[in-house]
Structures are given as C-alpha cells and as structure tokens.
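Take this structure first; my questions come after.
Just so it is clear, A, B and C label the chains in written order, and each chain counts residues from 1 on its own.
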Amino acid sequence: MNRSFFPALPALVLLFFFFLFPVVRMLGFSLEGGSLDWYAKALGEGLYLRVFWNTFEIALLVTLFCLLLGYPLGFLMATTTPLWATVGFIFVLLPLWTSVLVRTYAWMVLLGRNGVFNRTLIDAGIITDPIPLLHNFTGVLIGMVHVLLPYMVLPVYGAVRRLDPAIVAAAEGLGASNWRIFWRIYLPLTLNGIFAGAVIVFVLSLGFFITPALLGGGRVIMIAVLIEQQVRETLNWPFAAALSAVLLVATFAVYALAQRFTRTEPAT
Amino acid sequence: MASGGVEGSAELRIDGAAKRFGEVAALDGVSLQVARGELLTILGPSGSGKTTLLKVVAGFEKPDAGSVKIDGVEITALPPARRDIGMVFQNYALFPHLTVERNVAFPLEMRNVTKAEIARRVAEALALVELAGYEQRLPRQLSGGQQQRVALARAIVFNPRLLLLDEPFGALDRKLRETMQLEVRRLQRRLGLTTIFITHDQEEALVLSDRIAVMNKGTIQQIATTTEIYERPANDFVADFVGESNIFHGTMSGTGVVTLEGGRQLRVSTSAVPGKRVGVLMRPERFASGGINAFAGEVVESVYLGTSFKLRLACEDGLELLVRQPARGELPAPGARATFGIDPDAIHVF
Amino acid sequence: MSRRLLVLACALIYLFLMLPLLVVFPISLSSAPYMQFPPPGFSWQWYERYLDDPQWIDATWRSLYIGVSTAILALALGVPLAFSLVRAKFLGRAFVERLALAPIIVPTIILSVAIYGIFAKLKLIGAWYGLVLAHTVLALPFVVLVMVAGLRDFDRALEQAAEGLGAGRWQTLRRITLPLLRPSLVSAGLLAFISSFDEVVVALFLAGANMTLPKKMFDNILMEIDPTIAAVSVIQILLVSVVLVLIGRFGRGLSGSAR
C-alpha cells in the first residue's frame, strides 16, 4: 500500500459512515424476519407493480423526448460559431443550475387550470374549457423532460465536437448532401454520446422525486414518491427498504448493461 | 553569481547506475565522470536511457543499483530539493502563474535568501540572459526563446553545483536554436558551470560539448571529445548515429590493407593486426576525385545543398557510397559516371 | 435549407428551456394578490413579503451557511481524495473511485431515507451540521470529478521543476500545485455550494423544523401557490447566475462537470 493512499482516508471515512453503512443498513430492513415477504409485496401486488410500471414508462418516455429535443440542440451548438455556441450553453446551463423547485413551480404557473397556457388558449378562443395539464401524466412528463434535457444535450454536444471535421469535409467534398452526411457520418459516429446521454437521463428518471411529487399532485406515483410515503406517512421501513432495493438494483442494472454495451461497441 | 560560479560548481561521478522498468533496462550499468566546469553531452536516440540517466542525476528517479556522487559526496538517495542542481526542462516548465521575476526568484526564496539579496541576484541573472526589463511579464507573454532564457536564469540564479539541460532547444526554430546554443555555451563557459546536456541531435552535440557520451539501449557506447567521437567512433552505432557515414566491414588482410566483405581491398593506416575483423568508416566529405582507394561507379542520386553536392554512387562491385563534394561547377546528373578516392589517413578503422 | 429548419427547431427548444425561468420574473412583480398571468400591475410586494418574513430569511441564511460549510468540507475531503485517485497506485483504487462517484448514481431518495434512519437514531434530525455531512456526501462526486480532470491535465514537470529548484513537497504543493489548480478548486467549490444550496430531498427528511430555503419552498409550493415563491425563485435564479459567471470567470471544467 502506497503512502499516497492516506489522503483518501478522510473522504472514505465520511463515505463509509454517511453513505455506505446507512444504505446497506436500510436495505437490510427489507429482509426483516429472514423472509422475502416485502419483496413479494412490492413486486407481486398489482397496486405496487403499477407504480413500477409507471416509473418505467415515464423514464422511457422522458428519455425518448430528451433524445428528440436534445440531439438537435447539442448538434447545433457543436456546429455553430463559438459565439452562438456560448449563447446556447448559457441557455442550457442556466436552467440546469436553477433549482428544480423553481422550475417545477414555474411549470405549475404555466400549466395550471388558470395557468398561462390555458389562459392564453381560452383568450384566443381556441378552447373553451381548460385542458388538464397539471397533476397528471402530461405534467410530470413535461416537467421531467425540462429538468433532464441538459443531461442529454451536453454528451451529444461533446460527441459531435469530438468528431474530426476532416471526415465531414471529406464527405462534403465527395458530394454527399446534408441529410446524407447526417445519416451516414454524424449519427453513427455520435452514437456513443447519444447512448451516454440516454443512460444518464433514464437512470435519473427512475429515481426522480421532486417533479413527480409536485406536478403529479398525488395522482402520478413514481417509485421514489412511494418510498417517501412509506417512510414518512406509514412508517413502513421494511417495505420502503424493499422498494429501495428494487430501485437500486434497477439503477445499477441499467448502468452495468450500458457499460457492457459501450465496451463491445467498436471504438469510433 | 558571475563571480561565485566557478567555486560553486562541482564534479559529478556516476558509478554503475542501473534502472529497470519492468522488462526494460533503461540504464544498464552506466558510469561516467564530469569534470568541474565541463560540458558533457549525453547523446542518444529516444529510448536510449538518456532521460532516465538525467532523472537519476536530478533525483526524480532512484536507481536500482549504482551511485551518484557530487564532489565525492554520495547523493543517490537525496531528494531533488536538496541536491542543488539547476535544471532546464524540455518545455522549460516555467511556472505559468508567476512573473518572470518570481520564477527566477523561486529557488532563492526556497533557500531563505533575504529579500534584498534576492532582488540583486534576480536582476543579475536576468541581465546575464539579456532579459532585463521583462521582470513583470508572465511566461505566456514571452516568445519561445525568451522563455528559454528565463528557464536558464532560474536554473543558474542559485549557483547550482551542476546544470542539467534536458533537450532545451527542441521547441525552437532552427535559427533561434543556433543563437541559443551559442549563448548557452558562452554562459556556461563564463560561469564555469559543470553541465550535462541531453539531446538526440548529433549536430547540436558537436556544437556545444567538451565531451560527448553516446548512449544506446541503456549503456554508454563511447565517451570522448567531439572530434574523437566524429573522427574515431568506437563502433557501428556511434559511427552511424553521429554524422553521415559510409560503414563497411571486412578483415585485415595485411599490414595497412583491409579486404571488405565484397572482396574490394582498401589501403588504410592502422595498427590492427592482419586477420582481425574490423569496421571501416569513411566520412562522405573526405572523398576527392580520383586518387588512391578509387571507387568508380554511377551516380544514382544527386542533391544540391548550397555549399555542397551530395551524391549517391553505385560502384561496379555493388558497394553504395555517400559522397559530399564542395559545390563547384555542374551538379553531376544521375546516370553520370564518376570516380572518387579517399586517403588512407581519412579512413577510420575500428 | 435543412439547416434553417434545425435552427428554427432549436429556437423552439430553447424557448421550452427558458420559458419557466422567464415566467417567474413578471409574476414576482405582480400586483395581484394571487397567481395571475399576465400580471395586472407592477408591485414589489412579494419581495417585501419575502424580506419581511423571518421564516424566509431564516431559511435563506441557514441554506447559505450549510452550503458554504458543505463546500468547505467537500473540498477538504474531495481534493486529497482526487490526488490519491490520480497519483497513487493502491489496492482497490477502482473501488474507491466508484464509491466516491456513487452518490450521484444512487437515487437521492434512497440516500435520504438511509441517512434519515441513522440520524433519527443519533438525534441529528434538525442539526445543521447533520445536513452538512449528508450534503457533503452528495457534493463529493462533483469535487472529485472536477479535481480529477484538473489533475489529469496538470503538467507534473512543473512540480519536478519546483523540487529541483529546492522546494520541499509541502512548498511545492502550496506554491505551485494548488495555485495552478485554482480554477478547478473554484469550480469544484462553487458546484459543491450550489448542489447543497439547491438540495431538497435530503433536506426534506433531515432538516426537521429547521427549514432550509429549498425545503421551505417545497412546503409552500405543496400548500399554496403564492407569488412569494416567484420572488424567491427570481432571487435564486440571479444568485445561481452570479455563481455561474464566477465559475466562467475564475473556474474551469463547467460543461465537463455538469455531466
């Protein structure tokens, strides 16, 4: 063992006492009495299975929308002039570092029954009754896509930037059209970036709490919200622990799968 | 400092230094000595171990075996900070956040020299490298040559016992490089600084050194004065690495006669006994038109180099010869026939 | 042609990204007694209400000093850790690296519940330093990521030069290494601060009656939509903008660290 291992020790002590140990201890509660009853309940009862399914579905949709919105943005930022790229960065980073609460609150203002959207549409005579956008699936989806979009934009931006401009120039020189260049050059060569972004967004979505808690209005229950309820309202620690274990396993599984995926992929 | 240089300067002795990195022997029993005030160049291709040797001397690398002594005192285990060795790094390693003045003052501050003394010596050192007036600049505001001067001033300001130069001219363009080489040499002589200079550039080595140590594969191939290295290399590697050369092998077939592997006989002046296997080195510029030891053949390639012609000659017996001739008259065209001879005294047998 | 289409699409996406931030400005200056858009008139009343409410001010101060303490602690632990990760070879190095980065992978809700369980036993609920410890766990990955990137780019010849010129290890660290790493240190510290200052989930469980700003906001949003939140939001956006400008000016690795 090297002497220069010692600088790591204080941080490791903190991580052990306030991260590793508490998490393992809590997960241990789920095996209360040496049985897997709590897991059976979490994965067996329709009510809770529905929550898992909800969570999965939302995470998947959020990832999809982030991809659809994030790729063009990252692509544009990576291929435009430095000045516009900087402006683009500010527009992406400012929301990223603004409190999730502020953003969630703003969406409530925008999407509510008397919110900006409905008001505008009613005043314009397009609709007569407000469309329900808040406290439902749609609201949660919009809020989460907004929060997680930057995590998709940045990896895509990085991947496009890393692309050798000579390759694109060569393709142009050979007479390929813009669309062809995109489909044949950019897209295949930036798959790694897309993939990295998608994994991050998906995994963060799985454990999301604030946005569904506030924009879901108690009607859209995701797993993190369920865990919170179990601990704070019903004080059912063993069940909360079992739910946490499932969420944790799912999270790690996605990561492990993603790592495997990227490793077998040929280096570009 | 200008006055204190000579007595501060020391003699270096390395005995049997060895260092392995896994399977590779970077240093394989290297011994050498550098006299007080001498400039010794360590010349070798990359991977020859010269950088490792430098690191061992500077203290950044601990040798597996052997010792390093300065003025007879062993420093092999001493940390770099306590060796009193000035060093100029490949890319100068100037501290980017400190001004020129603070960079040069750094080694003095580390030695707790008084403020007034620091100011005086920094000014002196900067004057010596002709950078007075640049005190408040940051390294990135200087040209490559100026950065190098700062690095040099920083390396000598504390009267080091030894100066190490690690490929310091690599980043400079040709013209500037030549100026800096002469300047470094002048400064080193003036201060009487014992100096080790590391390079892979044989021309640079010939220009700067008192003596050259040629390294390859972790060992010293030859250590000698510049003329000795050029005129009388010890083996194929040295002959080939330093300067342009025609190297052949053969056997001494009589007193003063070598029979080359192709059967051709050459008259040489050497005391090697008949029957001995020898190497023969003929420098391209030593050939004259005609004369003894004549090589007749066809010019296969000819290049005009300003001061000289460089010709490649294919002889009838299959030998290929590199010849340099003063550029006078017409450049012989490829296909032309020519005959060159070489004086026995100009042939080195090893 | 297709490029223009792309620019148009991106303009809409940027609008989507910025809209929530923009909408809180007019609302925070609204003269209406409740949420109404567009605001019928101009007034500073929501800012005044925020400034006059000791609960809000109290929460703000608490968040500030918890954030600052977290940044200091995360730097004190994370910087040496990053040095070890980049420069030392030891058994389990890969494991230590994963452990240090794990808090951003493990869902915050799990971490919160887990620490809540421990702190309830230790009677640390509501203690500001308890929150600092938990927030430091969350901030550590940011510090490690930024510092590891900074250290990887660091030219070690500069340290060798310093040592060769007579500086001991500590002097080299203090005079050369740390000053040169200052941009990374600034970024890491500010990111650690923001990560704590904005943190809701852990605070929800651990803050108890001692509200932090995000927890107070969360509770208020759950209970009533009152434009005071808009005023607080504007203040937050401005504060974060200032921090971002600071990072841009004095720090490095902004986009890299955001991942």
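Everything that follows uses one rule, which is that a contact is a pair of C-beta atoms (placed from the backbone, for glycine too) under 8 Å apart; a residue touches a chain by one contact, two chains touch by 3 or more.
Given the structure is predicted, the values throughout are model-derived calculations rather than measurements.
Colleague: Spelling it out: a chain qualifies if it touches chain A and also touches chain B; which chains qualify?
Modeller: The shared contacts of chain A and chain B, listed by label, come to C.
Colleague: If you tally contacting C-beta pairs, which pair wins, A-C or B-C?
Modeller: The greater number of contacts lies at A-C.
Colleague: Using mean CA coordinates as chain centres, what's the gap between chain A and chain B in Å?
Modeller: About 60 Å separates the centre of chain A from that of chain B.
Colleague: Chain A to chain C: how many Å between their CA centres?
Modeller: Using C-alpha averages as centres, the distance is 18 Å.
Colleague: Averaging over Cα atoms per chain, report the distance between chain B and chain C in Å.
Modeller: 55
Colleague: Do you know which chain B residues sit against two or more other chains?
Modeller: None at all.
Colleague: What residues of chain A sit close enough to touch chain C in their complex?
Modeller: 1-2, 4-8, 10-12, 14-15, 18-23, 25-26, 29, 69, 72-73, 75-76, 88-89, 91-110, 112, 114-116, 119, 146, 149-151, 154-155, 157-158, 178-179, 200, 203, 206-207, 209-210, 214, 224, 227-228, 231-232, 237, 240, 244, 247-248, 251-252, 255
Colleague: Contact residues on chain C for chain A in the complex?
Modeller: Residue positions touching the partner: 1-3, 6-7, 9-10, 13-14, 16-21, 23-24, 27, 35-37, 76-78, 80-81, 83-85, 87-91, 96, 99-100, 102-103, 105-111, 113-118, 133-134, 136-137, 140, 194, 198, 200-201, 204-205, 214, 217-218, 221-222, 225, 229-230, 233, 236-237, 240-241, 243-244, 254-255, 258-259.
Colleague: Any idea which chain C residues touch chain B in the complex?
Modeller: 155, 157-158, 160-168, 171, 175-176, 179-180
Colleague: Residues of chain B touching chain C in their complex?
Modeller: My answer: residues 58-60, 79-87, 89-91, 93, 95-97, 106-107, 110-111, 154-155, 158.
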